[in-house]
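Two complexes follow with subunit A in common, the first pairing it with subunit B and the second with subunit C.
Here is the complex of A and B:
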């Protein structure tokens, strides 16, 4: 292998593998990036065997070849380069010589044969959507995925194909940790061809957040046996699905609420930021009193003090008092964009439906808590 | 106490006490700020008994009074306020009612009588210098102070009055951890009237870094019995000195070096950034080979790889090879401003004198290390 590559291109390529590699594994290859130079450019591959990434970078390849090296050190090095062209060359003894300007580094490597083989992938169906839309689906749902819950079916996000109100095919992603639920959907072309009981793990969602940078470009999701393949120009991301039964969530999504409040989103967000300061125990219910034209939020904490915040709202239906985990509300406000947010409740202990009143693309359910 | 104060003024005043308060003390008053409202404004006081800060803020005081409250929660709250005027009022039971816009918080407090009394201070001499100059002295020396060294005299910075080459009075601050030394000086008016064996502790240096924001304003240092008082407009910072014998450092400052290298500062800085990536053990010597017109820096690490960097230098005297802790060199490059840096050595194991060739205001000594 002997090639010249633009420093920024190489840095971007290596930055994309940082979320995929597994630094603390006992199997050193999982912290490595595999370089494969061929006549059209340089391919970088990384995997922790649950997720895998393949990216193609433009490079001036003098001599094809392959070698795997530690991805973190090389990435740090490339970011610190002052010059713009990087020369990479394999040396005898599985070493990679990387030089840029007056800097030359020789990194210990491993032959490609020691790198885990990429799994075979045979899609039984594909769906296409815009990169920005997929990114939104991930952003609006990933925070609600449970973290190592004993209910195995909550430890990943659920995918399904539906028809929206206009009769269009949409991909819906749903996540819940048992206390709150997020659902977001976006129009697709093609079909969602998933085997049942398959969930997208947290790490795959986290990697997608990093990879999906653009907006209008089209990405393709391929649905295979227990795995999904995401393709965008020059990049492939593959991830294994979790085998777990997602709960029948339709039961907890409230159908109608007698009490509907419309609240300014940014105003509620800055209010909750102050309220959260006095909430010592995250799981503690905060009192939300919805009145005719005012929402009053109160915390009473013996050690930290009391806070009373009020903000103007529009309320349909009777006044109502309910307890919420402030953090859950903050998470929702962070992933919606409208000027207002709509809260809908049947009674103080019924699930609260939260959504941007200007958008049908997502909804959220927050379970209220008993007030002491 | 009953007053109105500008939110930004209060936020700045509270931000200045954050470095002074001690959050993990068993004595809760040390995490508190004492408010004292008087006819001219609001005084904030914080102390951990080793350092103390008093700041005066403009405020519209309706009714004078005093109360101490937890400083961190209030600071977080004030920063999150959307409106610009804050109303603070004491309530029965040592509570502080703070309201801003539609937000109202009641914080548990403690009477001023429970707050530690500020120590008496009777300066036996004072020195004045510009705020920017004092900040530079602290920046250029604080990193070299030892951290909990068993040699007690290394755990603080040493202050002394000297005459510079032009015969002017200067304040010199010196710090060393036994492996490297920093000395920086600035012209003063007045006199440094310190008792012997007195050192400025690390925390006082850290607080000064935060407080000294301006440039040309004059600050006054007052020298008392085992303590120093720093005064700038509307603010007083007091700190207790450590009782410890600073070593006679003049012995380690090299008088002349046969080998003198002039190196581009930014170029050396970016080179060392790359070199540091492959240095696993911080205390490991890195090989610096000074040649006629080139400095070659080499690291050989079995696990991480080898690096060879070269950069152009001007060298007076014979070529020389020496080992250095890269981190020590990086610390110096971060606090000098000139376009070049000058390294001066008598022989490979003699202390290396480092300085900005364009400035007499500071010098640094780095002990070389044996190369394996």
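Here is the complex of A and C:
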């Protein structure tokens, strides 16, 4: 293998691989990237056997060939290069010679035959949606996936196909950690063939966030037996689904709230940023007092101080006081775009429905906290 | 600053008997015993007429019948007394927001900060105000619920509790600041909360009979019973014990109502010793259901499940296991049954079985989404019981 490649292209390709590799495995190949140089360019492959990534990079290939090397060291090296062209060449004894400008390193490698084979994939159906839409689905839901692995049924995101209010077919992603829930949907075309009782693991969501950087381009989802394959221009991402029964979440989505508040999103976000500074312990509630035309947010922390901020709101229904985990609210504000945010609740201890009033593509449910 | 006497203990006098008398006026003035009436039942509550004959709660019914053959013996009616205790609590909460339910017939109240609210020109000082309010409160309980009670006031819970015992029947005893040591000096050691029959015997064997001996211990007593000495001294010299001093809330920090403290358990002595494992298993489930319900009523979760087992030859074993915090009866029953399986090593019949929980904690302030059906079912069960009593609904089991 002997090739020249643009430093930035190589850095981007290797950065996508970083989320896929498994550094802590006893099997060293899972922390490696496999280079396969062919006449049209350079293919990079990485897998931890649960997720796998294949990406094609433009390169000037002098001589085809293959070699696997440690992905994180090479990535760190490439990022530190000042020049624009990188020359990679295999040396006898499975070594990779990498040079850029006046720098030259030799990295130990492993033959391609030691690299795990990519799993066979036979889709039962394929569907398409825009890259921006899929990215939004992942962004709006991935933060709510339970972080403790033992929460069976909650440790991944749930997928479903349904019809929206306009009668269009949509793909919906739902995630919950047991305290809050996110659901987002986007129009989809083609054949959705979901495996029942299967969840998208957290890692796959994180990798998708990194990969999906386009907007209007189309991505294709292939639905296989217990696995999904995502294809976008020059890249393939495959992930195994987790076994787990997602709970019936429809019952926890409030149907109608007696108290409805409309709040400026930017204003609320900037208030919460300040409020969060005084929230030491995430287990402590922040007090939200919804009044006729004003929301007062208050934190009292013996060690750090007190903060009271009020911002204008529109409130339908009686005033209400409820406690919330400020982080949960911040997470939602970060993934909604509208100028306002709508909070709807029936009771200070009942689920609170949060949504962007200008969009019906996503909703969020947050359980309140008890106020001392 | 002195630890001011602002903690009250209100104890309902002969509570079960008092309730039975409210329900049946013919029992007034008649000697009454409430307890388990089976062959091995014990006295739960005895009227003062019966107490005069030497009958005490905890005594076996057979013993009680020998001493008071003419008394009226009534079975304990579960679910009947709870609503009366709730009514008492409602009255108490008018006097101070800090009311802690210690047991069905015992309440602790914290009056700190309430003096000015209740002060009247004729009160000499805060002590006078609190003493007057305590008397008014005791009377209000009597008038509004029909239940007699006794109130003790002191600078801490232990002194208040002992004082409430001295106030019986239907009185108020106020232990002024600085008088605690003198107040307990001549009282038997058993009167101190936390000193039970076993500790009492050990203390008596060492020549310690009254609390004064623990409050002002000799070196030998100090060495032999350092913990009892420490707890008694903390109660009678509150100003000297910084750890329990006036700056510390009387009810534990981070746990404003003290709800997470202690343990709770239920046990059952079989009428006849039991061989049949399925009977024992059913009983464990039933006890677990009851304990879990009590935990939910108190709003606490338990981390440790305890199983108690007494064989027909009176050998008693106790096994416990710590699990993720729960108030779910099925979960508690499963753990108790595992403990039973592991702990029951002898082929003897079983005389008594008990299920308890300890290591109690308050649930996190963050509420959970009601995602699974189980909690909703349990809250429905609790709602039915709140209205119609414990026995109105019981958990079934798929066979």
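Heads up, the rule we're going with is that the second predicted complex is superposed on the first by the 367 of 372 C-alpha atoms of A that agree within 3 Å, B and C clash if a C-alpha of one lies under 4 Å from a C-alpha of the other, contacts with A are read in each partner's own complex, and residues count from 1 in each chain.
Quick note on the criterion: a contact is a pair of C-beta atoms (placed from the backbone, for glycine too) under 8 Å apart; a residue touches a chain by one contact, two chains touch by 3 or more.
Just so you know, these numbers come straight off a predicted model, no measurement behind them.
> Could you look at A:337 and tell me whether it touches subunit B, subunit C, both or neither (first, second, both, neither)?
Neither partner.
> Which one hits more subunit A residues, subunit B or subunit C?
Per-residue touch count on subunit A favours B.
> Quick check for you: in the superposed arrangement, does A:162 touch first (subunit B), second (subunit C), both or neither?
Touch status of A:162: no partner.
> Let me test your reading of the model: by the given contact rule, A:285 touches which partner, first (subunit B), second (subunit C), both or neither?
The second partner, subunit C, only.
> Mind working out whether A:124 is in touch with subunit B, subunit C, both or neither, as first, second, both or neither?
neither
> Considering only the touch criterion stated at the top, classify A:258 as touching first (subunit B), second (subunit C), both, or neither.
neither
> Of the two partner chains, subunit B (first) and subunit C (second), which one does A:180 touch, if any: first, second, both, or neither?
second
> Which partner does A:347 contact after superposing on A: first (subunit B), second (subunit C), both, neither?
So A:347 meets neither subunit B nor subunit C here.
> Can you list the residues of subunit A that touch subunit B in one structure and subunit C in the other?
Common interface on subunit A, subunit B vs subunit C: nothing in common.
> What part of subunit A is in contact with subunit C in the complex they form?
Contact set of subunit A toward subunit C: 176, 178-181, 247-249, 251-252, 283-285, 323, 325, 349, 351, 365, 367-372.
> Quick one: which bits of subunit C touch subunit A in the complex? Just the residue numbers, please.
Contact set of subunit C toward subunit A: 256, 364-372.
> Any idea which subunit B residues touch subunit A in the complex?
70, 73, 76-77, 80-82, 95, 102-108, 267, 270-271, 273-274, 277-278, 302-311
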